[in-house]
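Going by the order they are written in, the chains are A, B and C; count residues from 1 in each one.
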Amino acid sequence: MSFSQAISLIPGKTGIYIRAAFYRLVCTDTSDEISVGFLTIFSHADTTIEKGVYIGPQCNIGKCTICADTLLGSAVHILSGKNQHNFDDITTSIQKQGGKFEKIRIGRDCWIGNNATVLADVSDQCVIAAGSVSAKSIPNKGDIVAGNPARVIKNRLAGSVDNEKLFT
Amino acid sequence: MSFSQAISLIPGKTGIYIRAAFYRLVCTDTSDEISVGFLTIFSHADTTIEKGVYIGPQCNIGKCTICADTLLGSAVHILSGKNQHNFDDITTSIQKQGGKFEKIRIGRDCWIGNNATVLADVSDQCVIAAGSVSAKSIPNKGDIVAGNPARVIKNRLAGSVDNEKLFT
Amino acid sequence: MSFSQAISLIPGKTGIYIRAAFYRLVCTDTSDEISVGFLTIFSHADTTIEKGVYIGPQCNIGKCTICADTLLGSAVHILSGKNQHNFDDITTSIQKQGGKFEKIRIGRDCWIGNNATVLADVSDQCVIAAGSVSAKSIPNKGDIVAGNPARVIKNRLAGSVDNEKLFT
């Protein structure tokens, strides 16, 4: 995906148009009604970005599906799962042990805050607070998670949400 | 702020001079005696950077005031508050619910470490450890905070500081 | 190191070749059999990268030695220690108090996950989970650490490792 790197450098709205057109062509089932920010890079062509997704600048997008209308802040990292490198064998270097790139799924209408790191599936309509490290699947729709490791602190379906409580 | 993206790409001292001149012109009450690093982008013109501020490379600066002499490491994220997107309504997509961009205030003579994420006001002369997520206002001058969520671990006005203690 | 910034912008394999050649020339005892990713910048020439090291994109590499075969994900921050800025004196601005840039050592055959921040030495064959903030030396070979602050959760030499356990 070296072309992904080259086009990440195009600033402003021109960059956003060109990246949307490019990712629709090269990525699996990807819409061109998406916004991909400046300096954001993709590492796998087998990545699916659905209609209405907004990805901020400085992100790093692994092998994943990001469902419709989801919103990623700046410098969000979506990894291709957490088994990219095996390290069970202490007598072989990690780089030679191989690993597995999983296509994780980020649900629709989620908000993932700036600088969050996501290593596993996220259900629909979840919120991941800025700076969180979400390493386990979030199985429930509407969960709000925060911290490192990220923990569920509330659910959007459970009633009104007080942002102040998110971080205490 | 697409010009902010374009000039973030200029390497070396040339980039630092050009960015200082540019931000003095386009941002509210901003000094040109500032240093803004490579690949650092601003997202709002209503941002105020006072004299003597140093901002490292790869940062992301939202709507804020950064007071005199403050020092930001690399990849620091200053957000425009934590209410940028409302999500109370589960029947409307988050992108359509609107939100509020607040102008947060980072005090003077602070040090914010690499990869820290700041979502709320910071008092004068505070230190935010690298990698911290500072989501609540830091009301006391000189507080030293660390962790996710960031907690006060010491105060600079309370006597000598042992860096080793910062992270235990 | 403004040339480090300029060449960080070269996309694809061309960038990887040019950066390897460049860092072998300007950095202390650095191999050209290394891979340094797109948008990754170095801040000190007194940095040593040994043979077989892989450094992902969007990283920030301070003064350090990275030993053979070690693997860094994306947006990893290796700092020049944690004493870069003194702040004991409340009557002088932090920028004027000076500090110490230490050359930290990352051992051989380590894996440092995406978005991790490392401020101190890491022993050989360690694993640092994505998003961790590793602020204290990791003295034992093969330790696996996670969190902010990073804590030892397992050791690679102690038997088989279950990735699922890494983040619970």
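Rule of thumb we're sticking to: a residue touches a chain if its C-beta (ideal position, glycine included) is under 8 Å from a C-beta of that chain, and two chains touch if they have at least 3 such contacts.
Small disclaimer: the values here were computed from a predicted structure and weren't measured.
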**Message:** How big is the rotation, 0 to 180°, that puts the C-alpha atoms of subunit A on those of subunit B, in steps of 5?
**Reply:** 120
**Prompt:** Since subunit B and subunit C are copies that touch, is their contact same (over half of the numbers shared) or different (under half)?
**Reply:** different
**Fill in**
Between subunit B and subunit C, the Cα-mean centres are separated in Å by 23
**Request:** Would you mind listing the residues of subunit C that make contact with two or more other chains?
**Result:** 9, 39, 58, 75, 115, 133, 148
**Message:** With touch defined as at the start, can you tell me which subunit C residues reach subunit A in the complex?
**Reply:** 9, 11-13, 15, 38-39, 52, 54, 57-58, 69, 71, 74-75, 109-111, 114-115, 125, 127, 129-133, 142, 146-148, 156-157, 160-161, 163-164, 166-168
**Request:** Within their complex, state which residues of subunit B touch subunit A.
**Result:** 2-3, 5-6, 8-9, 39, 41, 58, 60, 75, 77, 79, 82-83, 85, 87-88, 90, 93-95, 115, 117, 119, 133, 135-136, 148-149
